[in-house]
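For reference, the structure I am asking about is given below.
For reference, chains read A, B, C and D in written order, and residue numbers begin at 1 within each chain.
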Amino acid sequence: MTDVTTPAVARYGNDAEAAIASVSASVSNWDRWGPDDARGTVNFIDADKRVAASSLVIRGETFSLSLPFDNDGPQNGWKRRVNPVHTMTSTGMDTAEIMGLPHGLSVADDCVFMPLQCSTQWDGLGHVFDHGIGWNNRVAARTVTSEGDLATGIEHVSEPMVSRGVLLDVGRVLAGGELPDGYAITPADLDATIEAQGASSAVGRGDILLVRTGQLTRVRRGVGWGTYAGGPAPGLSFTTAEWLHAREIAAVATDTWGVEVRPNEFPNSMQPLHQVLLPHVGLLLGEMWDLDRLAADCAADGTYEFLLAAQPLPFTGAVGSPVNPIAVK
Amino acid sequence: MTDVTTPAVARYGNDAEAAIASVSASVSNWDRWGPDDARGTVNFIDADKRVAASSLVIRGETFSLSLPFDNDGPQNGWKRRVNPVHTMTSTGMDTAEIMGLPHGLSVADDCVFMPLQCSTQWDGLGHVFDHGIGWNNRVAARTVTSEGDLATGIEHVSEPMVSRGVLLDVGRVLAGGELPDGYAITPADLDATIEAQGASSAVGRGDILLVRTGQLTRVRRGVGWGTYAGGPAPGLSFTTAEWLHAREIAAVATDTWGVEVRPNEFPNSMQPLHQVLLPHVGLLLGEMWDLDRLAADCAADGTYEFLLAAQPLPFTGAVGSPVNPIAVK
Amino acid sequence: MTDVTTPAVARYGNDAEAAIASVSASVSNWDRWGPDDARGTVNFIDADKRVAASSLVIRGETFSLSLPFDNDGPQNGWKRRVNPVHTMTSTGMDTAEIMGLPHGLSVADDCVFMPLQCSTQWDGLGHVFDHGIGWNNRVAARTVTSEGDLATGIEHVSEPMVSRGVLLDVGRVLAGGELPDGYAITPADLDATIEAQGASSAVGRGDILLVRTGQLTRVRRGVGWGTYAGGPAPGLSFTTAEWLHAREIAAVATDTWGVEVRPNEFPNSMQPLHQVLLPHVGLLLGEMWDLDRLAADCAADGTYEFLLAAQPLPFTGAVGSPVNPIAVK
Amino acid sequence: MTDVTTPAVARYGNDAEAAIASVSASVSNWDRWGPDDARGTVNFIDADKRVAASSLVIRGETFSLSLPFDNDGPQNGWKRRVNPVHTMTSTGMDTAEIMGLPHGLSVADDCVFMPLQCSTQWDGLGHVFDHGIGWNNRVAARTVTSEGDLATGIEHVSEPMVSRGVLLDVGRVLAGGELPDGYAITPADLDATIEAQGASSAVGRGDILLVRTGQLTRVRRGVGWGTYAGGPAPGLSFTTAEWLHAREIAAVATDTWGVEVRPNEFPNSMQPLHQVLLPHVGLLLGEMWDLDRLAADCAADGTYEFLLAAQPLPFTGAVGSPVNPIAVK
């Protein structure tokens, strides 16, 4: 931590644990959807929302918001997180004769080993706990075991994740492109971005909010991955928790490794905003989303809303999932 | 092979190799989209198509067409295809103290090992070859190497796969629910299903066609997976190649392991329809899709068309991808 | 369980839990090697033992006691245990040109995914617990976490596992080759085998004891794997616990999936002998060892003792390890 | 490459391809053990050799020459080579109740994903090719396919790899501990080391030769892995090929990533010594062996020979294998 006062410290003081407790109490959605709920804020996406979102498809263009899944990704082995290892079990070099197949048929097949948190992904509701308690007041130790997440596995949100997406291009509005590493995006910054971008950027119930910082642009400009996975980054300030909660969004995703500003804003803290948003708000977090092509298009046409299909793969009991989010404008 | 004459043998005779050669010549789309094309029939999905598809969202309900990805799947180890092995690298039992994290934070993480062909999936254009030649007349041995598919990897279709979906519930129309294993669905059967289902079932350019046989329903009724992966199954007859080609669909998917009827229709043959559709037509094939809940809904409301978001994960150079297809009605 | 009285029930009655408690108390080696011990009975192998074992090398012939590690192994997916999935990342088809390497060099590389319990292996001391307590009275929940075995990982026995091996070919002595599935090998059977085989079969301190049942021979004769992994099998009776403990052997291995007779001898029980031997005796268990070629040689020359190098791979924190045990006669 | 003349350039000139061709012709062992041979120089280990090697066990002490297999290893993702990813499928936190097991039994299980070339290993005979030709004049493209090595898989040497080991501690003799990166060990250096170490260091037929450079010591002293995997390193000069061949050793292993000096000695070359030793000499190469504790012991007692059990795991068709080599003195 630097000795510069961060937005979070300025507002809540130095004690991360106290700040988390205080904010969590004010933003809790526990029991909002009953004691058995496994979807959290994804419940805000309703049928009407999807009908409205579909009407945003004007030009019919798609934008994939996923990084490539391959060996050249951001991971460096921390926490056993490696980049995806894709291997072939048969290739185009394996002829019909080699494979013992009739009439000239040959087939290529492949496998992958990957941490589910390795690239463009959703953090599921079972990914983070606060003092041993997870979403909807569940006891972490009985919820996520070696068998996986027995209550809030990512499969529970594999069906509903189609909604209106809205992009707040904070990097472009505030910094002409890229926020510097360590920049904490405040509620005022989010409001200013909405104001600057105009009416299509209004954020509300059931939206999937995309926040572009520009860090990934920097990687792509030639800086390379460096410490993208876990190092300094622009990101959401801890002070956005109440803003995000109040808007009743379904999920929020960024173009960074960890959604939150890094280094984290409190002394000796680690992803404090996660600790509020996942277990207390029940808000899914999207990480390492590639927003650049979409952002350029939004800047060009002035429209920052779109249909967004961001369904995870239903890995039973997973605490996250790779995802290829598709925006349709 | 039984000695009963199959639709394919009745039409083309016993020689699979000759039939494949003949039909391939008549349905080839090589060079249709230029020599560098890596998308095949996905090119039929254009922006207007997506705009029209979006207008099919009337009620805003989503239907996931994916099987669960877990250890209880259909695979039996054939060709090193195992079911997904999902493992936790940290769980809810790992407290903040165990993890050495501050302010009561704890985190669960996970990994997966899986063949890309293990469950609900797209076969990419590099999955199948005819006499060493793949999509768009590429030489298989130089296209799909140990590094993966260097030309037609699944990443090339990761962005455009949002279109109109249309369900032909052949199992329900022809058999009141489930076609028997070994039943070869003919062009006449497809036409009869469209006729029976009504106008919303018309199949045309850029559509993603879903064909329900009912085999998965049988698995679910208690038969279990058994030989679902590779054994006898209802499926498309080889004789549908020209029908599928003529309609200029973007892709076709079924609720079976291998799209085609099994056992295959020619003596001593292996997936002959694949050998036409992937390398010659450039048509992506979806396998092991769970169409049952969607089919019940379509039967109930009489509407067999919908918006379909079926984007694969962009594994660089992969010859297929797991997918969680979402239909929105 | 059948209603036939098993050796264990005959001796201890029907209550597995009581029997385990009683026997465990009598065979416990806790604190024998101090409170920090991570090697259990492997401590019985001392330097003199190895010198003596080396003198058993008379002819200089080696015998690998490992099954092949490949897709055709015994696993069926139970508990996410699959057979090893071996994949190539480059092959001999990848020429120097393809690989971009100079002077005609090309390289083949490969990967494996495997459960550590998938084939010929050692069960480490952290593999089994009795009422939440592991070897040397350690609390299981604090010893083997998602990070692995923090105290008794297999790496702690990766160096010392060279000793005298001794084969008791119970299958040959008692049944002319193969014991039937469900046959419980008693202490009397072990003694009778030693008696029949002669002086070279004496079992004592620091020995690695190999017990051949013949079940694997049956698999190889054409029965196939069937339910080899977890189904009925000949094996050690629960009543051998004290015999094994008293002899101060370093480890025991069999040609079966689970060392113990299957079905287990008590009603509603699961591997009760494991529950005594691993946490209380601290005895490593070897499973799925291929003893047939060695056994034939021993029968031919009448010598049942040999140098045995059975070192596991030092996977840090693993609760077991694949092993290729080599006997040298 | 630096412009300093290397031993290889001094002797053979700048043309790596010509040098490889010339030396390969002079050291070829093709057909020495018949056209079907799959063991190469491992054939030099005969029964008498093992009997003699066993007599070297004087004190009965074992030395593991393996690095830990875990996440903290030398790999950096190059060529999809990651460090081993070890994950638990059940842990000590999973109680009998959680697991649904009787009488207080609970079980921990685990998995690993790893490249076979990730840590202490043998390069098998199918690992390297010269102009598309492998060991014993086999055509690489037909020998090592996507199914693995069909002729010279590592399983073919899984049984015989017990022999006399001999350590040449070149680092200690020439540099008092550690050779600098880029130092090319010449035949004269090997001879000088034997001379300095004394009679127990004689190298001959069937020996497994261990060459210590000291690079791993440097890593352990605090330098860290850095570019250990593929970067500059001390190692064998290309000029040792004939020396190694003439001595009829069974295999050679070092404490470095790649056996050979790095950067390689010729301009624009890549592991030229591999290209001679594996396909032409049929000599197995051991990489990333931890020789430090053994070397300290040898320096202390002046005895550089020992029994060595260095059996690979029999992964069917693998081009290499992790190994935990055990020296017994």
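Convention: a residue touches a chain if its C-beta (ideal position, glycine included) is under 8 Å from a C-beta of that chain, and two chains touch if they have at least 3 such contacts.
Keep in mind the model is a prediction, meaning the values are calculated, not measured.
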Chain pair showing more contacts of the two, A-D and A-B: A-B
Equivalent interface to B-C, taken from A-D, A-C or B-D so that over half of the residue contact pairs match: A-D
Chain A-chain D separation of Cα centroids, rounded to whole Å: 44
CA centroid of chain A to CA centroid of chain B, Å: 28
Where chain D touches two or more other chains at once, by residue number: 80, 85-91, 93, 111, 113, 115, 141, 145-146
Residue ranges of chain C in contact with chain A within the complex: 85, 87-89, 91, 93, 111, 113, 146
Chain D residues within the chain A interface of the complex: 71, 77, 80, 82-83, 85-91, 93-94, 98, 113, 115, 141, 145-147
Chain B to chain A touching residues, read off their complex: 16-17, 20, 46-51, 54-55, 57-64, 66-70, 79-81, 84, 86-93, 95-96, 101-117, 126-132, 134, 139-146, 148-149, 155, 158-162, 268-272, 274-275, 307, 309, 311-320, 322-324, 326, 328
